[in-house]
Structures are given as structure tokens and as C-alpha cells.
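Listed below are the structures to be examined.
What follows is a pair of complexes built around chain A, which joins chain B in one and chain C in the other.
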Partner chain A sequence: MIRQWQSWRVTWIGGMLVILILLTGCWSRKEIEDLGITIGAAVDLGKETQLEQDFERKGGGYTKRNALTLTYQMVQLSQSDGGAGRAGEKKYRNISVTSDSLYEATREIALMNDRPIFGQHYKVIVISDEVARKYNMQLLFDFFIREQEFRPSCLVLICKGEARNALDMKDKSDFPSMRLLSITDNQYRSSRILPPMSLSKLLPEINSSSSFLLQNIITADGEVKFAGAAVIYGKTGKLIGFLSEEDLESINWMTAKVKGGVLKSYDSRSGKSILYEITSMKSRIRPHLEGKRVSFDIVIESEGRLGEQWATGDDFDNQFIKRIEEETIKQIRHRIDKMLHRVQKEYRADAIGLSEYVRIYYPRAWQTIKKDWDDSFAEATIRYQVKVNVKEFGTTSINVHE
Partner chain B sequence: MAEISAQDKITTHQAVVIVANYILGVGILTLPRSAVEKVKTPDIWLSIIIGGLIAMLAGLIIVKLSQKFPGMTFYEYSQLLVGKWIGCFLNLMMIVYFISMSSVMLRAMAEVNTLFLLEGTPRSAMIIAFMWVGIYLVVGGFSAITRLFEIIFPITVIIFVIIAVMSLKIFDINNLRPVLGLGITPVLKGVKTTALSFSGFEIMLLLLAYMKNPKTAQKAVIIGIVIPLLFYVTTAVMVIGALTIEGVISLAWPTITLIKSFEFPGIFFERYESLLLVIWMMQIFTTFVITHYSAAMGLAKTVKKDMNPFLYMLMPVIYIVAMLPKNINDLFQFSDQIGNMAFLMFVVLPIILLGVAKIRGVQT
Partner chain C sequence: MWNTFVSYLPNGSVLLQAFLVVAIPYTLSRIMSQTKSRTEDKSVQDNTEQQPAQPDFIGNLDNDLDRVKTHFMNETDLNIRSFHLGHTKQRAAIVFFNGISDRDLIDTHILKSLMGDLAARDDQSRYACTTAYTMQYLLNHVLSIGIVREVARLSDLSTELLRGHTAFMLDHSDGVVIVLGTRKEITRSAGEPSSEILVRGPRLGFNESICDNTTLLRQHGEKANLTITELRVGQRVTKELAIAYIKDIADESLVQEVQARIERINLDDVQDTGYIEQLIEDNFLSPFPQIQSTERLDRVISALMEGRVAILLDGTPFVLTVPTTFNMLLQSPEDYYERWIPGTLVRILRYFAAFVSTFGPSLYISFISFHQGLIPTKLALSIAATRVGVPFPSLIEVLIMEIALEILREAGLRLPKPIGQTIGIVGGLVIGEAAVQAGIVSPLMVIVVAVTAISSFAIPQYNAGIALRILRFMAMIFAAIFGLYGVVLFFLLLCSHLSKLISFGVPYISPAAPYRLQDWKDFVVRAPFKLMKRRPKMMNTKNTIRKK
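Right after this comes the complex of A and B.
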């Protein structure tokens, strides 16, 4: 009896163990070493790389048109010590594939690399300006927005020239994609950076076919620079031109999307430069609608400090501070005028995003004017007022006695 | 039917938790989109509030009705109220509703998991595992279910609050403006959708019989609806504030996209959507078990037999129904239809039944 009970128990425990072994674990498990963790992508006009041409000569091709070249930046895991890799060792690897479908191109990488693309840690997508001029944003981003693996927090940038260059850098020990991401964090030091445009912010712009800006970058000799912005025209969804760094800065002033930055003006008496550092910027935008005509009243208010001056005035003298404020205002007005001329007359596209305010203040009328908003914007009267308040001048006012 | 034993009785506080847990389900992930589709202005949070108020009203009617039959569930008093055959038919409708609801929960769970978490796992594997865990709970009876719900509820609240605060990073109040820009009409268009997202209060038809103090049922149903109402409004405000109505309208699972739309560099781990998916999965689980249990209870009470065999018998049925929708659009449509059914059964029908009860002069 006891023996029987024991043998039954053995079977029972044995069965449990088998079940335990068979049932535990994750069905869709992927080892982290086997993932090609990808942190950046670049899209260029289709031009096959040397490698691809070689492959194709040896018979490795499939039905495609060479419309776009997609470059992925993959993290290279150092096999050896896990810590700091050898000096000069690249921490990343860029793979380019050419196709007319971005998805297919992505999967083509699985034929070339032991670690297929894993996109949950995407940081940036860089689009070449040529691609953006040729293709509608809606089509271009269909894959990136649809694919659930891509993070919607991924940053979108435009690169003048070859986009893949932006995913390369001289210092091989760091990740170029991370660098691009980190530069956008420098908004508190420069007002010439567009607030980050992620995939999830891009989607509503595309859906509502409104014009918008994308941060532009340029590359030279393995280095990058954030240089102005690209204007995407709402109706066509294509890139129509660029705004200079200063124009972008003026737009940021106008919409008060400034966290910091400096503004240089020239003293009209001495011709020397005066540097005003922005500590805060506010703007009030009020649209008006008379019939079909739109106009805006904008008040821009800024507080800041005197950062540097070559005009050798007396900082302790309020008259001088007043002069600095006036010069700064003059400079701001000058720059905004220039920017307005460019977006209203040259591009005829609402790159500033003023449509937002019309939508909020005139929701009913907006339903009808939103269709041709860019044209209404081009004809709109924009009145603005600038107020600058220099609060302080730092720790020291150098005062040379003669 | 035997009296419900004293230890199976639930307190008012527990009733609140059950109602709230049952209501919270797929809605958190899809409500912002389904509401924006109808409303088309950023005012969906108003629609949600109005929807919640309507749900409360319907909940109160249900409570009123159930209070007329102390100690009895709907399955028992339906036959007393409208006769054997119609009563049976109503019970059957309820059972069908609970089975469909249960199936939709399973399938939605499988769909979201396939997309965001377990890419290679067959849907059937997820669903079957889910069901077996569910059956383990429901054979424990009502008190076991209640206790689990009490554990799940605070976890849900804590994680939800964390996520809501984190998404403030990409929140822009301008996306929610203007309030009532196109008047109240669009808001009202969305009310049906939002009110249906509160379906779950109907559990009061059964729950009341289990309550220690059925007189507090009104309070329980109101608080039970207010909690999901807060969840829904917060979700809607956050999603619209971050993604704008133009963005939300084309997102299949807007709330998950919202969580994926921000990053906090410096914090060790990314992918906070897993947090959301965790609480959401728990909420799906609660809705699933309660509907499974209610359906089995319906069968058992209608044929006046023991409940356990029915719990097991329903498993394959629920599984098959869960596998019926061919694709994701089918699933969304299926759940819309269940919503319409819920409207008829738990808003229109209770009013009629309450009228019948008044005319027939059933004693309270």
C-alpha cells in the first residue's frame, strides 16, 4: 500500500517537473546578444553601395527599383571585456540597403547580418533633403509610423546632402545617433534649435496636411551641425526650402519656444557688438478674422541679461541699459521682418504654426479656411510688438579708468 | 438555489472595486480614438464625463430594480418578473452577452500582445494560458475573485498615476483648446461611444445579491463608475494633449503610442509601455474572469444546477468565439456590436423591467 502510494507520488512529482520544464520560459524570447539593436536610420535617394553592387553581380538580387537607400545604425556589442572597447574600435556599424520599399529593405538586412534589425530603441531618423523634396512625407513615413517596433519618440531630422553621413562621426567611440539626440537637448543654450520633432508629433502634421518645420543638419568631415530648418509644404507634403539659423531663431522667438540663447546686436553709436542673453521669452498671439482676411497681433516679451559688450558703456547707468534694450529690440524686429518676408512671400507656407491660434480662437471659421490656410497665411497681416527687459549684467562691470 | 453563505458576502467597498475593475478594460487603450472619430474636436473629455453620468443613471436604475428582489440575482428574478419563457430568454441574452464580452477581452489581449510584446507567440497559446489562470480563480468562487480584484486595484491606480505624470513631458494644453469650439453638438455625438465604454456596471444585476448591505448599492455603483471615469478622462486629456486629435484619429492603440512617445534619458530603462501593458493586462483579466463567471452563473441558475461544470463547459465556447473575428477591424466591429447590445440590455431593458415591477407591484 505504502509502496504504491510512493510510486504514485514519484510519478506525480516527475510529471510536475516535466510540466515545469516544458511550460516555463517565454515563447517569443530573443536573447539580447542576438538582437541588432538599432538606434538610427537615414534615408537617401537610391544609390547602391559598392557592397550591394558586388552582391548583385554574384547573383544576390531581387525585384526592386533603386528608389531609396536606407541606412541603419546598429550598436556593435563588444564581445571581449564588455567595458571600454579597444581604442579606435567602432561602437556602431552602419548598414545600407537600397530598395523601393523601406520595410523590404529592412528585412533584407536579415540576409546580410546575423543580428536582424531590432527597432525598439530608435533615436533618430535622418532624411536627406533630396528625398524630402521628391517624396511626400506621408509615403515616406508610412513604414516608420506604422511599424509597431519603432518608437514614436524617435526624432526626425533633415540632412542637406547625404543623410547617411550624419550617422557617421570622427570619434568612433561614441554613437552618432545619440549625439544628434543630445544636441536637441541644448535648447537651453541656443535658441537656434527647433523643439524636437518626434514621429508622434509628425503624424498630426501629416494627417492635417499643414506646413511645418523639421530641424535641418549639415555634415562636413565627420562632424555635424544643426543649421536652420527645412520647410515642409502642407499640400504637397514635400520639402520646399530651408530657413537659415537666424530665421529659425526668429520663429522660436515669435512662438516663445526658447529656453535660452543669446542675441547679438550692434550699438548704433559705436558700431560695436552687444550681446543679450535670453533668460525667458514669452509671447501672446492673438489672431483676428475679418471675412476671409486674417491678421495677427503678437506681443513678444523677453527678460535677460547683458552678456557681453564691446561698446564700453557704463553698465551701472540705466541710460546705457535702456540703450541696450533698444538696440536688442531693433535687432529682433529686423530679424523677424526678414523671417516673415521669407515664409510669407517666398515660401508662402505657415512654418510658424500660427494656424494653431486661428483654430483655437475661430474654431468654426477654421473649418472652412483650413483648406487653403497657407495662402491665407501668406496674405495675413502680422503686427508684433517686442519688449525687452535687461535685468542684470552678470558679476562684474569692467571699468577702465583713464 | 441555496442561500449565499456569509463568507461569500461582499462589503460595499469590495463592490466598488469589482465594478471599477470590470469597467476598466479595453477602453483605456482605444477609447481616445473611438471617441475622437465621433466627436472630431478636442472636447472628448466632456463626452466622457457625460457618458459617465449616463452610465451612473443606468447603474442606479439597475440597482433600483435589483433591490426589489433582495438576495436574488437577475437570473433568478427575471422569471418571477416576466414569466418563465421571457425570463429564460432574457437570461440567455445575458449569458450570450457575457460570453461575447469575455471573448472580446481575450482576443483584444492577444492582439495587443502579439503587436507589442510577444511577437512570435501564437494567439491561441496566450489565450489558453490566460483562460487556465482564469479558471483557477473562478472555481474559487466569488470571494476569491473579489480578493484578487482588491489586490489588482491599487497596483493599477499607482502605475496609472505614474504613467500619467510622465506623459506630462509631451503634453501641450493648446492641443486641448478650444473648449466647445464647435458647440455642444459634436460632444453629444460621442456620448454613445463613451457611455458604452462604461459598460460593466450591469454587474450590479448579479452583485447586489451578494452584498452584505444591499442598501449601499447606489453608493457602490456611483463610486464604481467615478473611478473609471477619472481614468478615462485623464487618459483622454493626456492622449489628446500630447498627440492632438489629428494624430489620435489614425492610431490603432493611441494610449500605447502615447507612452512610447516620450523618453527620459538618464533613467536606466526605457519602454514604459510595458508598465501600461501590465496594468492593462490585469484589467483585461478582471473583466474576463468576471464575465466568464457571470455567464456560468447564468447557466447554472437558469437550469438550477451546480456552477462548476458550467465554468469548464464555457471555456471552449469562449475560446471559439474569441477566435471568430478574422482581423483587427472585425474585432473592433464585434466589440461595437456588443456595445449596442449592452445599450439595449442594460439601459433600455432595466427601465422597462422596472416599469413592469411597478405595475405588477412586486414587494420590496
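Right after this comes the complex of A and C.
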């Protein structure tokens, strides 16, 4: 009897202990609707918004120098239906905070918003070109990489002008950040888009202090366009200039990072335009090292189809197809020459990413030349060969000479 | 010096936590070992009854009948019919209970043979004969009854009478009473079992009569070498129990173990095989059923052919098969009746359903409350939007719906069939829709609960489904405390428990945990019969070849 009672007591105490532990609560639990899901960020030079000025006039504020303005794009949750808001209703909300530190600015939002920033769904980070010219990339992205709640697949873009404009959109029913991300998926339609540069890809570029390209966007009247690329100079980590859309396209051709796109050239006989559509592009890059001098042999091979022609040539005539190939090669060579002049002579920065090939082919020598690689690149001889093969001309039955 | 020493000591809360980490598992294990030892104590039996030397029956009819009468003093339905044998003066009597014995049989084959036929046969020669009929003569020449048994003890006689047999007593006999098999059984015809329905396969299930059930087993094939050992269980209400196995396949030590465990049952009344299951299983604290119970004949037959042992009990259509492994609970006889490709696909689907029914809601909780970054952005936004008005954290939300669903399921079970369907519509559609409209739960939650419920119905064995349902709630609590980490912890806990579990000497998750690749042919996949040439190795069968 006594033993039974004791065992009951033991059971009771054990049960109480279990319950007490379980009732301490669920730590680190945060329901999804209580989070301020943030899908984009923009960094501009410090310029306080009207709201902030009003707040400060009423006594809000702290010691700061207003170096940067950070804009977050937060999702506005509407209960009406699953995410798709009513027509005309804004689905997002951009919050700008000016401070010297990006982290401080982020925490400042917790004072004004019931749902603090939740960064695991970042889609894009847009940097204004002025900020990129002024600050080293390593310092600029320190916060975004150091922060635990960040998404490494987040896309990094440069915006000419105010970066926060890129996070706005005329059509309020969609998310501007998502639009920017989705445009990079269109690489199979245009060769003027740089392969997406995510935070995780950016990190090694910054750390190895090599020069690289970032996709540039421009904004006008609530719309955006992917326009060329920004050149980040390795040694300083700052933006030194822009490449035009055509230069960017040439770089993509050279490194064969093309999934599709079109190439317009002019027929030398009639002067009318011919459109060559790229279906595949390959390139072989072979570096040579003689002492300190570097040279490259590049073979670019492309296959494609005749997409459109205004030259009234006969599609079934092999001579005409040959002529198109030649015109296209001429066009490519012309454009690549222009691009090489710009990166080698003007910017003196290896924006093409040829350093990778040298590192792979000459790993020992690379250790000594990597310090001044951009200068070596500027002096390097780049020989290239272009082969174009027009395989077909699509569905057509027009025979002009009949 | 002292201060430096003190600074290295952990503070109170750390010490408390350390104490709890040690104390809780210790106390739990103590409690469990105590309960275990108590049950084992009980199983030690001292069942040695003293047999009195005095015989109960002396051969004098009046005296013997008096003994029977006094024994059944209070039974009003005891029927004693005394008569004379044929034309002789020799007295005899039959004793039986009204109702449970077959009156037709008694009238036509006992009374008529002993009185009318005997009289007609010995009309002239025996009329004045003074020598009495011997019991042996009557059995050999007169009584046309199939089942006949001699009893000498009153207690034996009384059980036989209560089972519906008839006692035949003769004056001037040698103190032996003959029991004639006149038992009448109220049985149901063997129909399709309602709890386990197949599209293809035999429509035959067991019924409540052990006689019919063993008949069904015997009927299955001619050269099966089926052995059926009969035992008695129950102290106060004794019932017939049969152990069936195939002599040249089943492991002898297994049969002995089953027999020994059944003999250890000291319950006064065993109502169903469920009682036996709980009394002979290895681990009574585990949520998993360690013994398969089924109404289907083909399930039992296939288990027997794998070298398992079946336990049949009088009065229940549910037959136990031991040992049971976890994969048996997720298999259906149909896997073998259909071709191997659909069989395999359906089986894989069932494993997936088992996983969903256990971990569905807990994964929902951990994604919604802890790991929002793991949900694709667009989905996260739509989930967040649907949850904006919901006042509860996800655990409470899931608990509300899950408990509502369990109540619904239980209610639907109790109701008559036609109303049961209405309950499904009212409960499922109306409550689900209304709860979403009222903003108590989010629509996605309803989907998760519904998918979980459907998955749990896909498990062919009802008791396995219940086990997974219980575990689902535990997984939900783990998820609510630690998120995905908790779910993983719970899964590991479950795995360690399962790998420790043993059913009659065979590890519970057998082909998986003691790794036997040969048995995997009939585990997650159902290999074509051309490949399944041997019986499962884990059963340690005498004869291993299934197909040449």
C-alpha cells in the first residue's frame, strides 16, 4: 500500500515536471502573419524623407550623420483574398529610413512598424550608382552578408539615379521586387541581360578584389529597364563606370553566357537590316603567358537562324545565307572591338572575367600577377575568331525570285 | 581566490536545468520499470488445484442426478429427462440446458434411439431381460451422435453442460457420465469483413464461431499441413482458443513461446482477441500495435505461409497473427492480387500517406511559426494573407481542427450508417467552411488537416492508423516547441523506440533495422513473384523455399 502510494507520488511529480517544462512556452516562435515580410531593399545617399523631417521636428531622432537612406519594400497583407489584392490597391509599402548604419536603420523601423523587418525573403538589393561610386562594395554589403536573416540568393542590382525609384511601380497590384527578379529569367529572349549576380556570388568577387560587372537598371515614370552594366573596379571596390547595352551583349557573346537573343546587322549590298537569332553560342578561351605578358586566343562559335530580313534575299540561296553569316560576323567583330577598347583602354578593368582562365591555366603564375591583374589585362592582347552558322530560316515559303 | 572559484560555478538556473535533464529520464525509467515488474509478478502463476480422491458419480442414477441438481440449484433452464431404455426397466436420464443445446438432435438422435429404436430392435428377446445395458453397448450400437466424451468429475460436466452439450447418465453404470455433443451455435454467415475491404480478392471473412473459423482455415488448401492446437483461456468463463500454424514452416520455438504466453493469461473472462493481444504483447507502453488482428482469411493464410502463428478465439471474428512487423500494417493483400507494378506504387503511396498522417500538421506548424524562410515567397505571402485575421497561434489552430476532426470521426463511427454520411457532410464541409469564414482557422490549415485525415484513412490496418494519429499529436507539440528541429528530434525518438521494439522475438521494423536485403523484396516495393523465391528470413522458418 505504502509502495503504491509512493509510486503514485513519483508519477505525479514526474508529470508535473514534464508539464512545467512544456509550459515554459515555445521559444523563437513567431507566426508568419506577424512578420514584416520584406522582399526588396534599396540603398541611396542620405536624404531624409518628408516623414522623417516631420518626426524630427516633433522631437524624434538620435545622433546621426545621414550618410545613407535605406528603403525597404514590405508586403502589405490584405485579408480579402490569398495575396492578390483588390484592383488599384497597393500591395506593398516602401519605408525609407536615413541613418549612417544600415543595421541601425533597419532597427529604426521596429519603432514605427508593428511588424519588424523579416529578411529571409529578400529578392533584390538595389544600390544607387552614387552610393556605389562613393563606398567600397565590401563595406556596403557588410550588413547584408553579416545579418543572420538574409537570403544568399538575393539579387544585387545597380540603379542609375535614385535606387528607391526602382522599388516603385505604376501598376500597384504587383511587387516591383518580384518584377526585377523575373526580368533576369528572360535571358533566353535577350542577350543583353547579365547572368544574375546574387549575394552569395558577390561575396567571393568582393573578397578576391577582382573587377566585376553588376546589372544596371534605369527608371523612368514608374517603369524600369535593364540597361547595360556597372563596372566595379577590383582594387577600390567602387563603381568606375557603365557599359552600354551593346557592350554588355558583346561580353556575353565572348564568355558565351547567352541563352538566346537577336543580333541585327546591315546587308552591305542593299543596306537593309538582317536579323540573326542566336540559338546557341560557345566560346573557347585559351590564355597564354609569356613572362608578364598575357594574351588570349578566343574562338566564338554560334549557331542560329535567320530571324527576319529586309534585304529581299532568297532564303533558299546558299550564297545569300553565306552573306548573312559574313555580315553577322562583321557585326560581332565590330561590337567586340568597341567593347574591348572600352574595358581595356578606358576602364582598364577586367570586367569580362578573363582572370578566371589565367588562374586555372597558370595557377602558380597567377599568385604573382593577381595583385595587378587589371593592369595586366589592360595590356593583354586578345585575339579572337568568330564563326557563325545559319542553320535554318524558320517557316517561310516566300521565294522572292519567283 | 574564492571569488575566482565561484565565478566558474554555473548559476542556479543552469544547475536546475542540469538536474531536470538527469532527473526526468531517471524518474520516468523508474516508473516504467516498476510497472513492468509488477505486471511480470502477476504472470507468475500458482495454479495447482487439489484433486479430491472421492469420485463424483457412483453409478446410481438417483444419487448422481441429485448431485447435478444440487450443483445447478438456481438454474431454471436445466432440463432433466429421465426415462427407461427400450422396453427394459433400466433407468437412464439426459441432462441439458434449454436453448443452447440442439433440441432437434436430442429428440431424434438421443431420445428416439434410446427409447423407440432400442425397443423395436430388442422387442422380443430383451423384453424380460434382466441384464442391464452397458454404457459401452449403448455407445457402440445405439447412440448415433458424432461427438462423445466421458467425464468423471462434476466440474467438467458442468462446463460441458453450460456449453450446450447433453449429459447421458445410466443407472447401474460404472460412475461415468457420457457427454454427447449437441451444442447449438448461433452464427453469422461468413461475409465480407466490413473493416478491411478490397476491390480484388476473396470476399470471405471470419465470423464469431471458432468452429467455422478453423473450418475456413482448413478449407484453404489440401496439403497445407496446417496444425491447429486447441487451448482454453479464462478462469471464470472458459473459452476455446486455437493456435494455428503450418507444421513444416513455422519455427517451433515461436509456437512454444506463443503457447506459453497464452497459458500465462489468468484473466477471468476473455471477451475478445483484443484482451489476448494486450496480455501477450511485448511492450504495453508502445503506441504501436505489436500484434496484427484481422478479419480477413487471406491475410491470416499468407501470414501462416510466412511462418507466423495465428491465434483464434471463440466468439470473435478477429484473428491475431504473431509476430507482427511494422511493414505488415502498411500492406494490403491486394498488393499481391494486382500485378507487381501497381502493387508497388500503391504500397509506396501508402508509406507516404503514413508519413503525411504523422508529420503533416507538425510540419505545417514548424514552417508557419519557425521557418518562414523555407516557404517559397509567393506561397509565404498568400499564407500570411490568409492568416491575418486568425487570432490563435498555429498550434492552437491545428489542435482545434484536429480535435474537431477526431470527434467527427468518432461520432461518425457510432451513428447508424445512413446518418453517418450526413455527419461527414455537416462536419467536414459545414464546420470547415464556417470555421474559415468565422476567421478561427486559416484555409490552408483546413487543407492540411483534410490531407492528413485522408492520408490516415489510406492505412489498411485500423489500429496502425490509430497509433499514427496519437503520434501526430505528439509530433505537433514537439513542432510547437522547437520547430523543424523538434520534428526531427521526435522522428529520431520514434526511430529509436521502433528499433528497440520486438514482437515475439522478431524486431518490429524488421527488414529495415536488422538490415536484411533479401527481405526488402517485399518491403516498400512488392517485387514480382519471379523474384520472391524465399520466405522472409526474419521468420527463421524451417522451410525457406516459396517458389522453385
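Observations on the structure shown:
In the analysis below, the second predicted complex is superposed on the first by the 368 of 402 C-alpha atoms of A that agree within 3 Å, B and C clash if a C-alpha of one lies under 4 Å from a C-alpha of the other, contacts with A are read in each partner's own complex, and residues count from 1 in each chain.
Quick note on the criterion: a contact is a pair of C-beta atoms (placed from the backbone, for glycine too) under 8 Å apart; a residue touches a chain by one contact, two chains touch by 3 or more.
Model, not experiment: these values are computed from the prediction.
Of the two partner chains placed by the overlay, only chain C lies in contact with A:Val10; chain B stays clear of it. By the document's definition of touching, of the two partners only chain B reaches A:Ser198; chain C does not.
Once the two complexes are laid over each other on the shared chain, residue contacts for A:Pro363 go to chain B alone; chain C is not touched.
Of the two partner chains placed around the shared chain by superposition, chain B and chain C are both touched by A:Arg151. By the touch criterion defined above, A:Gln120 lies against chain B and chain C together after alignment on the C-alpha atoms of chain A.
In the superposition on chain A, contact of A:Lys64 is made with neither chain B nor chain C. In the superposition on chain A, A:Arg335 makes contact with neither chain B nor chain C. Note on chain A: of its two partners chain C and chain B, the one contacting more of its residues is C. In the superposed pair of complexes, A:Arg107 makes contact with neither chain B nor chain C. In the three-chain superposition model, chain A touches both chain B and chain C at residues 26-28, 120-121, 151. The touching residues of chain A, when paired with chain C in their complex, are 7, 10-11, 13-14, 17-18, 21-22, 26-33, 35, 37, 39, 75, 77-79, 81-83, 118, 120-121, 123, 149, 151, 178. By the touch criterion stated above, chain C contacts chain A in their complex at residues 20, 23-24, 27-28, 30-31, 34, 368-370, 372-373, 375, 377-378, 380-390, 393-395, 443, 477, 480-481, 483.
Residues of chain A that touch chain B in their complex: 26-28, 120-121, 148, 151-153, 181, 185, 198-201, 203-205, 207-208, 356, 359-361, 363-364, 367. Residue ranges of chain B in contact with chain A, taken from their complex: 41, 115-122, 125, 170, 174, 177-178, 181-182, 242-247, 249-251, 257-258, 260-263, 265, 270-271.
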